[in-house]
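Below are two complexes that have chain A in common, paired first with chain B and then with chain C.
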Partner chain A sequence: MNVDQKQWHKIEMQEYQNLVDQIKPKPDILKNSIWAFMVGGLICGFAQVLVNYLLSAGMSRTDAGSAVSCIMIFLAAFFTGIGIYDELGKRAGAGSIVPITGFANAIVASAMEFKREGYIFGVGARIFSVAGPTLVFGFAVAVVAGLIKVFLST
Partner chain B sequence: MTPLYMAFLGGGLLCLIGQLVMDLTKANITPGHILVGYISIGGILSAFGLYQPLVDAVGAGATIPLSGFGHLLVQGTLKAVDSNGILGAFSGGVEAAAAGITCAIVFGYVAAVLFNPKG
Partner chain C sequence: MPGFKKKGSQTVVFEKAPVITSWASIVGPKEGEGPWGKDFDRVLDDYMFGEDTWEKAEKKMLRESVKLTLDKRNLQVDDTEIILAGDLLNQTVSSNYAARELARPFLGLYGACSTMAEALLVGAMFIDGNFFNRLVSATCSHHYAASRQYRFPTEQGTQPTPSTQWTATAAGAVVLEWAGVGPRITAGTIGKVIDMGQSDVADMGSAMAPAAADTLKTHLNDLERFPDYYDLIITGDLARVGMAIAEQLFIKDGLMPRPNYSDCGVLLYDENQDVDAGGCGCGCSAAMLCGPLLKKMQNGEINKMLLIATGALMSPTMAFQGESIPGIAHAVAIEN
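Moving on to the complex of A and B:
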């Protein structure tokens, strides 16, 4: 009898745990989504302020875009260096990964960890541990698109 | 000029999609996968002419996410094909993205050398 009760208790605990597991992730997804939306939106909004300023100062649209990318990359590299960007990233998730600042963050964060292996083949190589694959696929898509256009137009 | 709130909404939504992909799929998706996915999908959409309308609507909200970097590479390549033919297919992408890529490498290297990881 006692053993039966213990087993029942165990099963109830298990069912309860299953129920908890089912319910638990949902508020996290909502919270993560809000964080990602807000942080990603703020980063892009800040970039838009810079773009609008440079446009009103008479810069061309292409140049303003390049300049703002450089500024955002510089800021992200700096804030990654002093450790703030990764703290933000713990909460913001994709909100801090998807913008170009996340690309710069990936470069600095992975390179910093490998200083021990030296400045040339440690830092110099590890810069590309995430940026490398990203650029490979970016260029691959661009070149394929370009080649298709060449063959379609001949 | 794109209004600020449009950039906020566009950028926020693009990041939200990335977050949902990370949270709702069982596969272990790392930040690296997100970056590769965004640059590739952005480039493909751009090649079909589907990304430019988004850029027109939300400005930096579409150019700052990494999909906008893919868009920049593809549009640079397609423009260079018009002027330089097949050589342009290989040179246009880097030309368009030169500033961003160089900044990322140089600032990234300097920051990694100057600062030490926490903890």
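Moving on to the complex of A and C:
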């Protein structure tokens, strides 16, 4: 009896899931992809223009790369601060999340959000609340990659 | 005889139906631009309401709506014997801090977005049970305060899905009395927590729709009524996705409330207001009730209304632990 009821509930849940799948509107993947491609492309294209400019001004490739990263992070932080980056992100999705600017946005947005709880328990404690996982696993992968390199070179 | 006001399995019928003698609503700028903007008592110019954080703004909205509803009836804060209030924030801070300033006896409630119906039901039972003569039931929600607690930092560039709902910045409060002029709360159905295994935190409508359908079915069964008994059956904040699913569930149960069925989350905003599926939050059903809906009852456009406020009992902690989202819905019958 009990087993029957459990099974019946399972069937009901599945039927409900089918109904939800049927009614729930799907995100417009084509439109979202075009937005992501265009915005992501523009951000990266703009960065490339900066790199080329700095190279032509006589900077080394490594230095130009670092300088442009700093500029892009600054711009993203600035546009987050004046409340534009989140409007862009609503449309562009991955296009504005994946580049380094998205990372800057996640950190600045958290810092702004939690400033009201003070600099220690607010900003300090929660600035990486969104970007934290990227950092943790980024570090972890870096350590593993470094170890592999050490072992391979000995 | 114990339980003589209970009818059927989950419904209470009030012997001397408590009267809603006054109501007031305060909404944010976006809600003010919506189709019912002129029906709310007060539309705020900004989301801060003169405070320095969103949580404090939400608290102030609740406090002011309580004062406003009493003021409309020429009463002072001290004239209310008890305040019943709740909101969406952790530890229901808006209600607790508003109650600190109002300094009246207070019971805090939490039913997620169903809190308005919960506060009305508990209040009506207090009055019909002869415990109090006059009380205030109120709830509120604030878009940005809720957003930072339940979702992401507000300035983060995330992409909403078509089923995402916009938490309303709104507060509503009513004065309930044992006698007076106004619409009466005649019956109410206390809902069960229902979970059909939905776990998409960007889709509260699908999580709540089964609870709404169950409460409506139980309400009508308990009172042996048909959907057309009511001029309007209105759910709290299912929004477009949840409402479409709820309609299918109503049909499956053999109840077809259309065309007198609607949803506060669908009504609160225009489709071009960039709110995706529609509104949600405690304030959504509270402000719609304490603004346009009770006004229409006063004018006699609606005489019998069933408000089924729906709540998704979602917790980010439980969602991360892999749990699905339980839903709840309470029904309140309001009649002239």
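Criterion: the second predicted complex is superposed on the first by the 127 of 154 C-alpha atoms of A that agree within 3 Å, B and C clash if a C-alpha of one lies under 4 Å from a C-alpha of the other, contacts with A are read in each partner's own complex, and residues count from 1 in each chain.
By definition in this document, a residue touches a chain if its C-beta (ideal position, glycine included) is under 8 Å from a C-beta of that chain, and two chains touch if they have at least 3 such contacts.
All of these numbers come straight from a predicted model, not from anything done at the bench.
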{"item": "First (chain B), second (chain C), both or neither touched by A:Gly102", "value": "both"}
{"item": "First (chain B), second (chain C), both or neither touched by A:Glu113", "value": "both"}
{"item": "Chain B versus chain C as contact partner of A:Tyr85, first or second or both or neither", "value": "second"}
{"item": "If touched residues of chain A are counted for chain B and for chain C, the larger one", "value": "B"}
{"item": "Which superposed partner A:Met72 touches (first chain B, second chain C, both, neither)", "value": "first"}
{"item": "Partner chain in contact with A:Val20 - chain B first, chain C second, else both or neither", "value": "second"}
{"item": "Touched partner set for A:Ala125, first chain B, second chain C, both or neither", "value": "neither"}
{"item": "Which of chain B and chain C A:Glu12 touches, first, second, both or neither", "value": "second"}
{"item": "Chain B versus chain C as contact partner of A:Met59, first or second or both or neither", "value": "neither"}
{"item": "Contact residues of chain A, present in both the chain B and the chain C interface", "value": "25, 28, 32, 80-81, 83, 86, 93-94, 97, 102, 106, 108-109, 112-113, 130"}
{"item": "Of all residues in chain C, those that touch chain A in their complex", "value": "52-53, 148, 152-163, 196-198, 203, 206, 210, 241, 244-245, 248-249"}
{"item": "Chain A contact footprint on chain B (complex, rising order)", "value": "1-2, 4-24, 31-32, 34-36, 38-40, 43-44, 46-47, 58-61, 63-70, 72-74, 76-78, 80-81, 85-86, 88-90, 92-94, 97, 99-101, 103-105, 107-118"}
{"item": "Chain A residues touching chain B - in the complex, by the definition given at the top", "value": "25, 28-29, 32-33, 35-45, 47-52, 55-56, 65-70, 72-74, 77-78, 80-83, 86, 93-95, 97-104, 106-109, 111-113, 115, 119, 123-124, 127, 130-131, 133-135, 137-143, 145-150, 153"}
{"item": "Complex contact set, residues of chain A against chain C", "value": "12-13, 16-17, 19-20, 23-28, 32, 80-81, 83, 85-94, 96-97, 102, 105-106, 108-110, 112-114, 116, 129-130"}
